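Per-chain residue numbering starts at 1, and chain names A, B, C and D are given in the order in which the chains are listed.
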Amino acid sequence: MPSPALPLVDLRSDTVTRPTPAMLEAMFGAPVGDDVYEEDPTVARLEAATAARFGMEAGLFCPSGTMTNQIAIKAHTEPLSEVICEQTAHVYLWEVGGIAFHSGASVALLPGERGRLTAAQVEAAIRPTNVHYPITRLVCLENTHNRGGGSCYAWPELVAIAEVARRHQLPLHLDGARVFNATVATGQRTEDYGQLFDSISVCLSKGLGAPVGSVLLGSAAFIQKCKRLRKAFGGGWRQAGYLAAAGLYALENNVDRLADDHARAARLAGALAQQPYVAEVLAPETNLVIFRLHAALPTATFLAHLAAHGIKASEFGPQWVRFVTHLDVDDAGLARVEAALAMSESVN
Amino acid sequence: MPSPALPLVDLRSDTVTRPTPAMLEAMFGAPVGDDVYEEDPTVARLEAATAARFGMEAGLFCPSGTMTNQIAIKAHTEPLSEVICEQTAHVYLWEVGGIAFHSGASVALLPGERGRLTAAQVEAAIRPTNVHYPITRLVCLENTHNRGGGSCYAWPELVAIAEVARRHQLPLHLDGARVFNATVATGQRTEDYGQLFDSISVCLSKGLGAPVGSVLLGSAAFIQKCKRLRKAFGGGWRQAGYLAAAGLYALENNVDRLADDHARAARLAGALAQQPYVAEVLAPETNLVIFRLHAALPTATFLAHLAAHGIKASEFGPQWVRFVTHLDVDDAGLARVEAALAMSESVN
Amino acid sequence: MPSPALPLVDLRSDTVTRPTPAMLEAMFGAPVGDDVYEEDPTVARLEAATAARFGMEAGLFCPSGTMTNQIAIKAHTEPLSEVICEQTAHVYLWEVGGIAFHSGASVALLPGERGRLTAAQVEAAIRPTNVHYPITRLVCLENTHNRGGGSCYAWPELVAIAEVARRHQLPLHLDGARVFNATVATGQRTEDYGQLFDSISVCLSKGLGAPVGSVLLGSAAFIQKCKRLRKAFGGGWRQAGYLAAAGLYALENNVDRLADDHARAARLAGALAQQPYVAEVLAPETNLVIFRLHAALPTATFLAHLAAHGIKASEFGPQWVRFVTHLDVDDAGLARVEAALAMSESVN
Amino acid sequence: MPSPALPLVDLRSDTVTRPTPAMLEAMFGAPVGDDVYEEDPTVARLEAATAARFGMEAGLFCPSGTMTNQIAIKAHTEPLSEVICEQTAHVYLWEVGGIAFHSGASVALLPGERGRLTAAQVEAAIRPTNVHYPITRLVCLENTHNRGGGSCYAWPELVAIAEVARRHQLPLHLDGARVFNATVATGQRTEDYGQLFDSISVCLSKGLGAPVGSVLLGSAAFIQKCKRLRKAFGGGWRQAGYLAAAGLYALENNVDRLADDHARAARLAGALAQQPYVAEVLAPETNLVIFRLHAALPTATFLAHLAAHGIKASEFGPQWVRFVTHLDVDDAGLARVEAALAMSESVN
């Protein structure tokens, strides 16, 4: 068993990333002001830079991706609306039922292929006009898709869904918690996203390594409306420029390196596929590896084995486990995970 | 083609039933008072009689089944709760997204077999404790199940689901829009329902033939809480005793005769099964017959053919049609439907 | 003390009115249909007749004035709106906090003179544009004003308020629970109201004597939107034509006679003014008489004295009592009230 | 006119305070972790330290005082509740109508004396049990009171209000955006507050000088419930320890010095009282000075005069202006304000 002095290899989530010294330096040298008065120059810079990168007009810096998603959903809908999303979408599954709570909106939950919807599915889910029905008002996509194991949409399918949305005058929102993983993996330009989506939530505190925050993107009028919603949600913060500086640093320095995380995820998937106690591995497309343990190996036993080797991972449903690679998992850490996985006698 | 003087055979829904002269006479002579002051004696009689019949403590007379269902859901939950129901349940599908709107509650939508859930499904859908999740607070069943084609639960499954609910301290609500169809079809006593369910919505204006209203049943404390909710929803009506009298008449006179509607539904299903243009008929269990037309016959063409013969029916999804038998459809009407169905040359 | 065989004189509210034999006859001869399918001819007739009378395009028949008011408020606003109303308005004070519950809207509560606002007050209450504020979206008036003791607006003030509302693009809603009392008392034509207001809630079950229901009036598009809201609120009722027939009868027969109720209210006010135990009487303008008892006479004692004489009235705040005259209070009843009031030795 | 090189004297709000170098150093060196996993040690330290200081069990660090207040209100109420607060309370006036939006709760708005309620007022506002009424569920106080000009409650009145609340089983929440100003001004111990209040929102980013955040205090069970609400509101942030470190530094270093701000506010009030163009100054009790300009001097003219001298202040209603003293306003700044105020010839 490795010495307890070894640093933790934390594969639970890419949210656990912590600022590097260079990012910290950027943070604490940042000029700040009162962002409720719209006077924080670093927040303004971050919002503009993120918007520009996605070809959108404006941005709004918020404390979390749940806030950016839920504000966007609220802004696009009204009570008695219905939101179309995949049945395991983060906005439905892991945001505390916020669609109902904040927006009073119903959900049309569609079964995706690893979280991916098709344009035909979306179109079929639009409610006809009938006094018994809510009114379909929004389509939400997630790319990469968390529950789908970091799966990426093919660009033509996104274009087709956007076409359906536009034809039915439905806005299209992207939960882009890991959108940079998608663009890096597929080579699609971020600037193209602004053409398809009416709003995008971009997370800075996952693979990008910033400590806190997401940026909501949209048209200038949309973001103006969302600024009031952010205030209502309690997201009107003051000298947030320190956090924004981290986000700016991340955008400038930590995007391309996501390819390394993806390569490490592939390595992990390969190692997992060789273990006798692993029943199934979803082929990783980005930085998430989701796999199923044989019924003979209780998830708790497996996680305890990893923990004994200084490795943390997340249970992801009965017999399912999720590994996430990120900025704070290097090759040395990866080797330790591979070693721990191979000790199957001690696993079983 | 039949003479236009023939009365309409309206198979769209059992809601279209109209009072008989005897029911009208009961209405006309009913003593009334201001029900907001709790002084309408006929309303009080109806509430008590319905509660007694289902072995429950108290009742609340409301203008619709949507109101009784949505009030019950609101009373059992709080915002950020989650409600477990079948994915085509009336409370989710046809009540304007009211679960989100009135209760701010999320939905866990389960795929049933003709609308019927199993105890295992219900138990698996209960959310574990986690700050990302809403809290599961209610299980809703529907019996008979509208979208399932008037399907009835087997009593042991209801008992098993109730056992799961009780074990997890979840209240269990029954959307009993057509609960009398279920009790008549299965021979189960209505009094038994009060043992399993914490609240039941009973509709009077469908197969029972009353013009308006549903009664919500539950414990005395629950109904007291719901009385305030009814006021908030705008269901605090004044001299409602005229409508309550119709409900009382219906309870006393129109329950057993639902067996006739079921027999007629079976007859219709038999007739449909013989038609070349019918692809599939869900075996009717009560008074609903749902069937699918072959792709070659557009639903609109089929409905127009029926309309030309003085018969109305409901489209129920692409190529699907629903027939509903009820108090106002007699054997003469049925014969006319059978004749119209048989004219396949004019249908195709 | 009068014999207990004497009929009750019920001054608690005009909601207690019960149909006359002629109204009952109209009800039970009415043709009905399923109003959710928009096929009840009597409901349609009532909606059209009420709209026409107020110079508006369309109407919607609902089970209560709380429902018509709250649906209108919901239709005119969105969450995070603010509604301007008088601080004792029925919509705020007696509708279970429905403005917050149904509409998620804040209230700007203005102190009126007997419930009457001025145009200047309304204009001053409109929130400036600021991310900290809700957005003012609606002005609600009540005429006659219940808490103000049946007070009527002077027409020029209504015109001035409407002008302010229009200038700020704010819709103007009238809670017309007793609007006919206002038009009869002031001689203003009901048709003029449609010029000022965007929506009006008209009650049929108070002084007009119908058993159940209110009609919401507005433009055709507004009423279409409200029809969905009515369904969501659980107000989608079926063969409601029996109740609509009572409303039609009331509109045709019971409006002008409200002048008699007003005259009787004035008589009661005169009698009250002569009693040594009465400290203050608000001069009645219509059918409500609100008065204050001297501190020496507990309200409960006074109401018990009345009850012993077969008379019911409502407590209306500490030491305040409300008398309401209506269709079911005739001169004989009035004389009994006057006699009971005069027995001051037994009162004190 | 002073050289434009002079630093701004920003009297608009104490929210504009920026970290000092020492605070920044504390931030920069703080250990952090993922607070959604409850693994940020600095956040945990801040929550515990703030709770201990107020004699409460637990704390929750949130991005804003609007979030802490609105989460507390939500946690204490349910839809169709009513919240008692002063008619100019921050929770009602400046939180975007959040009480209605988040909690579906109505408000009972009481007129305070400079924002201070009395126990008798609170007791009289509790709604009696009646199906027409929302249920009173919460009393909210604000100390110091912003709109009241930084007014402080006398401790005995707080004790009396708490006694009323307890007698009626109503929780008592304190909006303590400037509670340290109150304790410093009155000498009351912060530890005493935990005895009276069920929850307290404490702001760190105003006079205390931290960049971002408020801490919500309450019992351990209450804070556990609020943690889910914070997640729902989008306040579940990740490595928030940098901001928490600033809050800890502020608690340890910047509380006692609030007395200086109060002394400077008194000096400003004295200077204002001598100006011919000032009609009225509310005697400052802490760090806010609210004053009224004579009608002859438009507020905009006065603010422009100040701006020309490098001084910013806030309009606070027609002819009213607010000055706020804080960490970033020193004696030199104060002297500049006094000089600018004295130049009455250029003001008028």
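As a convention for this text, a contact is a pair of C-beta atoms (placed from the backbone, for glycine too) under 8 Å apart; a residue touches a chain by one contact, two chains touch by 3 or more.
Which protein is which chain? UniProt says A, B, C, D = Threonine aldolase.
In this text the structure is predicted, and so the values were computed from the model without any measurement.
One of A-D, A-C or A-B repeats the interface of C-D: more than half of the contact pairs, counted by residue number, are shared by A-B. Each of B-D and B-C has its own count of C-beta contacts, and the greater count is at B-C. Here the CA centre of subunit B is 53 Å from the CA centre of subunit D.
Subunit A and subunit B have Cα centroids separated by 42 Å.
Chain centres here are Cα averages; for subunit B and subunit C they lie 35 Å apart.
For subunit B, residues that reach two or more other chains under the stated contact definition are 36, 79-80, 95-97, 101, 104, 131-132, 228, 231-232, 236.
Touching subunit B in their complex are the following residues of subunit D: 36, 74, 78-80, 104, 131-132, 227-229, 231-232, 236.
Across the complex, subunit D meets subunit A through its residues 12-13, 15-16, 18-19, 24, 27-28, 32-34, 36-37, 39, 62-64, 66-68, 70-71, 95-98, 101-102, 205, 211-213, 228, 231-243.
Against subunit D, in their complex, subunit C makes its touches with residues 79-82, 87, 92-97, 99-101, 103-107, 109, 131-134.
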